[in-house]
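Each of the next two complexes has subunit A plus one more chain, namely subunit B in the first and subunit C in the second.
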Partner chain A sequence: MASDSVIEISGLSKTYGSGDKGTLALNRLDLRVNRGEIFGYLGPNGAGKTTTIRLLLDLIRPSAGSARIFGLDIRNDSVEIHRRIGFLPGELTLWEGRTGRQIIDYVGSVRGDAKGIAKHADELAERLNLDTSKRVRDLSSGNKRKLGLVIAMMHSPELLILDEPTGGLDPLVQQTFHEMMDEYRDKGKTVFLSSHVLSEVQAICDRVGILRDGELKAVESVEKITNVEFHWVDVTFRDAIPAGLPQQLEALPSITDVSTNGARIRMRMLGDFDPLLRAISSGYVETLHVEEPSLEEIFLAFYSGDKES
Partner chain B sequence: MTGIVVGNTLRTSWKQILYWGVGLGVLGLYIDFIAMSPDIISGYADLLQAMPPAMLQAFGVSDIALLTTAEGWIVSVFVSEAAIFLSVFAVMAGLNICANDEQSGLMDVILSLPISRAAYLLERWIGFALIGLGIVLLCALITIAGIMGMSVDASLDVIFKSILNLYPAALLVMTVTCLLATAFRRRAMAIGFSAAFVVVSYIFNAIGASASGAITDFMESVSYFSYIHGEAFVLGSYNPADSFIIIATVLIGFALSLRIFVSRDIGI
Partner chain C sequence: MIGSVFIETLKTTWKQMVYWGVGLSAMAILVVIMVPLFNMQDMRNLLESFPPVILAMIGVGQELEIFATNEGFVAIGFFGKSALIFAVYPVVMGMRITANEEDSGTMDVLLSLPIERARVIVEKFLAYGVSCVGVVLLIYLGLHIGVLFGGVELDVLRLAEVTFYLIPLMVFIMAATMLIAVLARRRVVALGIVTAFVIASYMLQTIGLAAEGTVAEPLGVISFLTYYNAGDILAQGFIWPHIAGYVGLSVLLLLASLYRYERRDIGV
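So, the complex of A and B:
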């Protein structure tokens, strides 16, 4: 194994069930995540992201293949691996009747350094604006998520495995989270982050793996993925779409798939906004709505040559 | 094994000792209170005498003569009733060992910590085994305090031992539930099969003790209720081998649970 690989996955497969009723959730996954990088694991729901994470954590067992973390086998050395990682599950469940502080102390004691960990946990909680004196059942879903982040990060693990980490967090806390991830990378630590939100991955990740139907379709730098990015743009005019505008837009090289509906015009746009803004300036624009493409669309664009266009 | 999970289990579930221990203790006090009145006891014995043997067994009675003494009354009635209530606790405790956490998703957080599956299951089992012991001891304490307070003519030693003898059976039901939960993964299935185990054991004991023959003897021998000998302590016929059989079964059952739990997927 290369010395700079923190995660090395080789031919990892997982089938749920057996025989004809078996469902292939992950198919011969090969992947390396390097030390000191933030790796985004992108895919639509059901693509196999959580299955991969659960395999890495030895919560489920592979049907074929193997994986190593820090050079250690995920099955035989799981306790040692878990000592050095932090994990935030996608659907976080905690002890409902206990306070954040009690859970932090308990997890800290299982990790073997309750006092030292608690100090760092306090710093993280303060930064995330989390009140650890409240019982879990009294926390909002966003605050539960913050507590999950504190628990995952409080022992300063060498590797963070985060499954959809920012779901339920408000934008300000998401920003703080992004800063924390940047600091993590600066310290030479590694983050493996699954998400189906492209903008989140763009904001913090160095490399991205795109998973679809249990198969890893691409591993690219974030820049490369960003280059294939396009937007859906909706423009609503106050009165009516100016005459000849749809044809004018279709003539622009960066705009395709123009459709109209009353005073509203929708299009797919690549690259800069300036040509579009100039074209629509002939009418009174009431609203302009820009929509991120779905992962599926990015994926299709990436492989259908849109990048070149 | 560090004992941290045992400690956490006790911290989160210690109230069960209070609720169940006091609940069963109050039942003990009620039976102590009746034992104060020889007329009620003998009247009850007369009533039971008219019943067929299977019905007597269902009431936990094999020797009517024992019911005419306060000591025999307490042991026969209380132990058989407490055994049923403790079985309910044991099923719940067995589910709490892993099934509830697995179904809720909490197990994903726990098993991402540096603790092996085997150590976790063992510590949870020990935690709930200690809670069960606490319940039995508290219930015995309250029952004995009632006997002393009401000046009932009964040997405290016999009463204490007969109540304590419920503990291995409670461990057995807890372990069987834990085994079913690790095997089936689904809480509802574990509850169903554990309840069936308790009910079938109870019926087998009642039928087995009321008739003789190869089949009925077998039925009695496989029922854990037949190893809870409250009356044997009064008659001086208690055989420690019976408790050892239950404890050996508990150990085998837990070893199987461990084997299944460490080798299968979690939370699917």
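So, the complex of A and C:
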């Protein structure tokens, strides 16, 4: 991977409103995204992910700080930057009365190479199994998302900026999307994507930046972040929780946050399942449910320190 | 590519243009075929019996002679009475330039493409301006159809000036709507302000016409509708200073919109 930066953000801040009613959405963000990497931009709702993306696209103007994409200023050189990037908004809205084909032609004509772009758009649509002859208003949310991906990628941009790209896509299409991202990386192109889906981030991202309350808390490799992966485990017994089991589980080094509700016991588990399975074998287990933690929980575990970490 | 937004806007607007044009044209046809039902001398006597405020409300000034003709009847019955209706189409189009797309979110997609904000506004403004011309042409066609099928003696060429005078008026209303939408940001807010602006202008025009010779007369001067008076146009033809005023103000409103839109956040 080359080390030169595609995105360079320096002290970028954004406040909505002014005076006492102003809301600080992004606070002095410093960030670099390298050429040829897939960078995951993570954080809970309202953390400032979309604000960052809209600033980079020059849709909104910074209250302070600056940013450069391909070494070009996001404000003064926005047209040149936009020529070289593809964008998929988180809440995608397209022209409802137009068909996918008409929108592809429109976007292609604004980009200035309608014919060449349309050919690649057809390939992408076929790969994503998208029917471009339907009007947008007749498309499901997943198919609208596919159309958004086609529009973002059809001119083979050097940088893709994707806001929650796989929301609403079925698992098969998500898999295709992951493959497409891998191909992008192999071609030396860069992807900046926001997501809150752990499996997606694990599958495709090289590095992640974690944003919270408008502040960048960390930038780490995906391996490092997901090393602290834990699970929420729910066990439901047929009769009742065996006597002393909660205390027994609490004593295990890999288990925390044990709570009970009737015949159900819930806990946070880090590492191997074996100690847990041995402990609960004293009762008749009716169901066992394992839940993936949210990225924010992983992040908190990573930075607050965990029993085993 | 230059012109791509212009062409797309026309593609997505032509149907509405035809619907509005046909609707207004049907109104024009109706008024034209009603002409033989009226005796114009009786019409003049009737108008003379009206108090100034009522005449003002139907767009009639002091030039009653003009209205005692077939052309004058159409001028009152269609162009004078319908001033507010003519304002609706350019308001709808003016809202589409920025407000509708910002509210729906499609402006984010459009402005993420390699295109300047100014180009988006100018190309859309021109396309909607062309659609206003289309609506006016359909209205003029309606006058001809009315004459053809109603067997009415009507000098449609005399009404051409009254008809085509609508173009600068509609473009001005569209430009004003666009600036209000650019300033107000939200579609609902902008629509409220524009509606108030148009109704206030109508009221001021009415007061100005009704209160001639009084201290309230100057109020009419500040209404943009005052400069579209079907009777005056019928009597004098194109009133170039008024047309220049509409065009000049439209250009100023466009420039103000470009200036403000270039500097503000989108969709916030």
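Everything below uses one rule, namely that the second predicted complex is superposed on the first by the 301 of 309 C-alpha atoms of A that agree within 3 Å, B and C clash if a C-alpha of one lies under 4 Å from a C-alpha of the other, contacts with A are read in each partner's own complex, and residues count from 1 in each chain.
In this text, a residue touches a chain if its C-beta (ideal position, glycine included) is under 8 Å from a C-beta of that chain, and two chains touch if they have at least 3 such contacts.
As the structure is a computational prediction, the values presented were derived from the model and not from experiment.
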Assess the superposed three-chain arrangement around subunit A: do subunit B and subunit C clash, or do they fit? clash
Subunit B versus subunit C as contact partner of A:79, first or second or both or neither: both
Once the structures are superposed on A, label A:111 by its partner contacts, choosing first (subunit B), second (subunit C), both or neither. both
Contacts for A:94 in the overlay, against subunit B (first) and subunit C (second): which applies, first, second, both or neither? both
Touched partner set for A:290, first subunit B, second subunit C, both or neither: neither
List the residues of subunit A that touch subunit B in one complex and subunit C in the other. 16, 54, 57-61, 79-80, 82-83, 85, 87, 89, 91-95, 97-98, 106-107, 109-112, 151
Residue ranges of subunit B in contact with subunit A within the complex: 2, 4-5, 8, 12, 104-109, 111-116, 263-268
What does subunit A use to touch subunit C in their complex? 16, 54, 57-61, 79-80, 82-83, 85, 87, 89, 91-95, 97-98, 102, 106-107, 109-112, 114, 151
Applying the document's contact rule, which stretches of subunit C touch subunit A when the two form their complex? 1, 4-5, 7-8, 11-12, 104-106, 108-116, 263-268
Within their complex, subunit A touches subunit B through residues 16, 54, 57-61, 78-80, 82-83, 85, 87, 89, 91-95, 97-98, 106-107, 109-112, 151
